[in-house]
Amino acid sequence: MSNTSATAFEKARADGRAALVGYLPAGYPDVDGGIDALRCLVDSGCDVIEIGLPYSDPVMDGPTIQAAAQHALEGGVRTRDVLRTVEAVAATGVPTLVMTYWNPVERYGVPRFAADLASAGGAGLITPDLTPDSAPEWIAAADEHDLDKVFLVAPSSTDARVAMTTAACRGFVYATAVMGVTGARTTTSDLAGPLVARTRQTTDLPVGVGLGVSNGDQAAEVASYADGVIVGSAFVRALLDQDDRAAGLRALAALTEDLAAGVRRA
Amino acid sequence: MSNTSATAFEKARADGRAALVGYLPAGYPDVDGGIDALRCLVDSGCDVIEIGLPYSDPVMDGPTIQAAAQHALEGGVRTRDVLRTVEAVAATGVPTLVMTYWNPVERYGVPRFAADLASAGGAGLITPDLTPDSAPEWIAAADEHDLDKVFLVAPSSTDARVAMTTAACRGFVYATAVMGVTGARTTTSDLAGPLVARTRQTTDLPVGVGLGVSNGDQAAEVASYADGVIVGSAFVRALLDQDDRAAGLRALAALTEDLAAGVRRA
Amino acid sequence: MTSTPHAPARASSYDADERGWFGDFGGRFMPEALVAALDELTEAWQDAMADPAFVASFEAICRDYAGTPSRLYEARRLSDKVGARILLKREDLNHTGAHKIRNVLGQALLTQRMGKKRVIAETGAGQHGVASATAAAYFGMECTVYMGAVDVKRQALNVARMNLLGAKVVSVDGGSATLKDAINEALREWVSTVDHTAYLFGTAAGPHPFPSMVRDFARGIGDEARAQCLEQYGVLPDAIAACVGGGSNAIGLYQAFLDDEDVAIYGFEPGGDGVETGRHAATIHAADSGVLHGARTYVLQDEDGQTIESHSISAGLDYPGVGPQHAHLAKTGRVTYLPITDAQAMDALSLLSRTEGIIPAIESAHAIAGALDVAKRLGEEKGPDATVLINLSGRGDKDMETAMEWFDL
Amino acid sequence: MTSTPHAPARASSYDADERGWFGDFGGRFMPEALVAALDELTEAWQDAMADPAFVASFEAICRDYAGTPSRLYEARRLSDKVGARILLKREDLNHTGAHKIRNVLGQALLTQRMGKKRVIAETGAGQHGVASATAAAYFGMECTVYMGAVDVKRQALNVARMNLLGAKVVSVDGGSATLKDAINEALREWVSTVDHTAYLFGTAAGPHPFPSMVRDFARGIGDEARAQCLEQYGVLPDAIAACVGGGSNAIGLYQAFLDDEDVAIYGFEPGGDGVETGRHAATIHAADSGVLHGARTYVLQDEDGQTIESHSISAGLDYPGVGPQHAHLAKTGRVTYLPITDAQAMDALSLLSRTEGIIPAIESAHAIAGALDVAKRLGEEKGPDATVLINLSGRGDKDMETAMEWFDL
């Protein structure tokens, strides 16, 4: 059976709601702590999990995720630790993707990474700095290992590029709702709706909207026009803001429940 | 009666010896202390006195005289204090000249300076940075006030310039025995003898040799070929090296006596 | 010197394909959000380079404002020392003291043509930041410069210079808080302001079209030098040499000579404490392919593809990547790249200072150091008419504190 | 720009007589020990200037090594601001960053012609010292630079620069331990080494022949600018302007224009805290005639003729004397000299930086400040074609620490 994230979106759609997609970097605060945190997201209502691969040069990330990833790297997290994290989280049955800048994958070896990700139970990859037109090697490897290929569309993407991108996606399409880096925002973007509409004209894949959502109300708003609500920085923030791990997990659970309620409210 | 330094040289020549010409800046350690020091030179055997006018930019002076002049200026010595010093020293009857850079004289007013110097009993001026070809105003004023005009010749002077210079001198001719600034030296210069000889070919004026003499033996050596031995830095050094004034005067007297013996030994 | 008109930009056999690939290197590994801007820039650049009015205007500004064509100077005393003719391309005499002014003037002129009124730039030691602030002042544009917090502290004078020129300097705390992180931050900023802001990239690296575009704006160096050498000596040089950081001055020199098969081409990389120590920035020597800042190229990286901090006494060469065209030129063997240690570079800096009265930038001193070895060898083979043309990419004024420490002055 | 050949040196109606007198000013008030050397120098200089081979060789070195002719640059944004055409003579782009390289190359070439192998020089902030060390390195001569102890401390970077260039720097403790004392000490040193040593004097002051000789070596500025202005605009400028320290850059600019009666000429002196405060270096404004460093000229002095310490934010203008030809030009009324305060100069520095992307030396900023006032007035009278040509005598890199303090950057 193909372990694609699409199944989770379908299930949510069947429930008449959007899916909640939760992101946390692997290795924060350490590898096992990261696994606990990700499992907490699963337990508290996330439908799909994105595991960030910490990278030294994260050009699409805002200060929150940068800080967590840097902490993870300084703690010695390795690519193999990310795969172990995938394995532990995917074991819950929730579709689990890796979100990664391209160089660590290229360095690991693209076919090898695809193989190891698949055998860890991972659903696929989200690639913030790899667009389909630069991704032939990844596309081939993903297809060979039956993995999701989640590419991004942006408000600045031309219609032609949106079409080209969605045609290459599998699992879902990641719509970056603001022109900007990751980071919780107090208001959602008015660029998101039109982008989702433009995206839907090119594909039947579910469209997840990311960047900026930090509470249930925002989640509800996004859920009103998107198939998935992607939350990252807000989760990291919840962990960063707490001094001890137990408190961090409690905060994470509370936020996830708020967001899960949000996607059901729309 | 003309108060020219030539008379002192004549008297020395009559004694079969060279004249001892002593230099100290006015105002060092203060105006009265300077007068005491200069009188000490007279009392201990100098035949001619040069009083230095402290100047801010003494390009012909080495570190010893620079230091004393700077001390004098910082103590507030003025041109009028120099003239007062002249008056006090000239009162002893020893021919007393002022050695000065040109700007203070120009600033005082050349005719006025000549007049005031003459009425203070001064014998004339030694002008280290004024050559006869740049000195028409001074020559006119000196002649009007019957003052000595002591210009310098140097080892680098051409024969023509030596002739031009000595023709403009009155009193004596100042031969700078080394190519260099004022300052006591351990050996005398082998440029001095030839320079004195060249100078004598152009004039009957006495020729004093300066720069570097610091003890009786050197004085004796210079006295063997020159009409006058000019000593400056060594006197200043004697004062600078002593902490209290009485000791300074004793050192000055001892040095003067050594030098006076030297000019008699040749 | 008579003025040597800029030859019309000619392609070389080592140019990128239309998608920015130099053989296995280059391309565009960028967030989708920036792709439209990069496409727009690519089109505007190609359109501009094909427009004689733009080219003429760029040349006029370089000439009247920046002082190009820079002189090709025969360093006679140095030539005597090594036994071969040493020619120095005097980019150190350009306005702001390095080749970098050409690139920023080109990019800013293009920005003006595109109707944008604001530029951003990254900077390491501050050279490209000062150049960008200068170009922005010249064109009356707003300018923000991103600079690692560590560099902001180390390079207070350059920060002041940028401020004086009216630019805003943003201190970047993330990562190692140095050049590569300043690039990251500038890219982040660009994503959110791309509609009215141009990113003036400081070297011939990054995603397509930057490696080719920066090269086009820097290639006056080689176009001029080639014409000057022919005019003054009637022959092409036997060898040419440049230092290689990101690679803009080097590719700017090389481009005109790439298809001159008899001209040997050298690139000298920052060898830091010595490549064997691991403390260096000799990216091509390390020859480890990867993706950094939007292009596939050689990258200093660990086993997991995490970027490794580079080390060089020269701030302007202290970068863990290199322009993709250089990776291609290295792989094809057209250019020979060799590492030069800090110590070799500083010796060359001292030698040129004493022998010719020219204090080079420490970057350029790497080129001098390496090229003199080449020249000695060529001189022995071919005699004193053997000619080595070195790009003196910048002046050393900015490096005096480093030199004081190094030489204990 | 096409190269503008250096016009053959023409005399002006304001030249010195054969003994170095400019009307009441100039002459030679020097120890007899130096007169022979000054005579020898006078003869060698006159002989050289009459020798086309020497003149050609000087021009070739300035061109190939120092980068002359410097550009005449139309500062368009600044022109728009003031309503008149502002032309900047870009001496800041010369090798070592100022007009001063012309003078030292000329004097060093003459030294070589005279068969001497060693040079000495004085320096204040270090600019002339660096230039002299540069020229000495270029010609392979030994070089010692005298520098006030206070300045040695303040200008550590320039001391390092001179050391790198192979020069020896001697710290001078006497007097105020600044520029004038460095001159005194250099003269003292010269007396004892005059047979094999040349004294490279740093400005158009001092005893004959220095004021005329330094002017001859600097006059390329004005010769070029005059030809460039005619070539580029078909007319002479309405006014020209320079800053005046010792006066070399100013006289270098003026000389070609002195007999162009329709060209108004301005010199801007360092007004320090304001001439009314007494803390300034506006020697001509003070108009007090005296003898300093071998010439009769205007001197800052007290009632007894003791030199007074000058004050200026600009180290290169901070000198209590001025070249005698300027005193003459002031007295005859041919040139209008006006003081510019520290604050006015720093405002102009900031303005030029932001408006044109050119950070001028603080010295040159005095010229900018004064000339912009002139330009505004002329623009109102004659419209935007009114042309003011300003000598941008040097670049501001050396002044960044002062600027940081002043602007609190």
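Labels A, B, C and D are assigned to the chains in the order they are written; within every chain, residues are numbered from 1.
Note that in this section a contact is a pair of C-beta atoms (placed from the backbone, for glycine too) under 8 Å apart; a residue touches a chain by one contact, two chains touch by 3 or more.
None of the values given here were measured: they were computed from a predicted structure.
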Furthest chain, CA centroid comparison against chain D: A
Centroid distance [mean C-alpha coordinates] between chain B and chain A, Å: 96
Whole-Å separation of chain centres (CA-atom averages), chain A against chain D: 66
Whole-Å gap separating chain B and chain D, where each centre is the average of the chain's CA atoms: 38
Set of chain C residues in contact with two or more other chains: none
Per-residue overlap in chain B, given as positions that touch at least 2 other chains: none
Chain contact topology (line, ring, star, complete or other): line
Touching chain combinations (by label order): A-C, B-D, C-D
Partner chain C, residues of chain D touching it in the complex: 1-3, 63-65, 67, 71, 73-74, 77, 90, 92-95, 97, 133-138, 140, 156-157, 159-161, 163-166, 349-350, 353-359, 397-398, 400-401, 403-404, 407, 409
In the complex, chain C residues that touch chain A: 19, 27-37, 174-175, 180-181, 184, 187-188, 191-192, 194-195, 290-294, 296, 299, 301, 303-307
Residue numbers on chain B that touch chain D, as the complex places them: 55-63, 66-67, 70, 73, 78-79, 102-108, 128-131, 133-134, 151-158, 161, 165, 176, 178-181
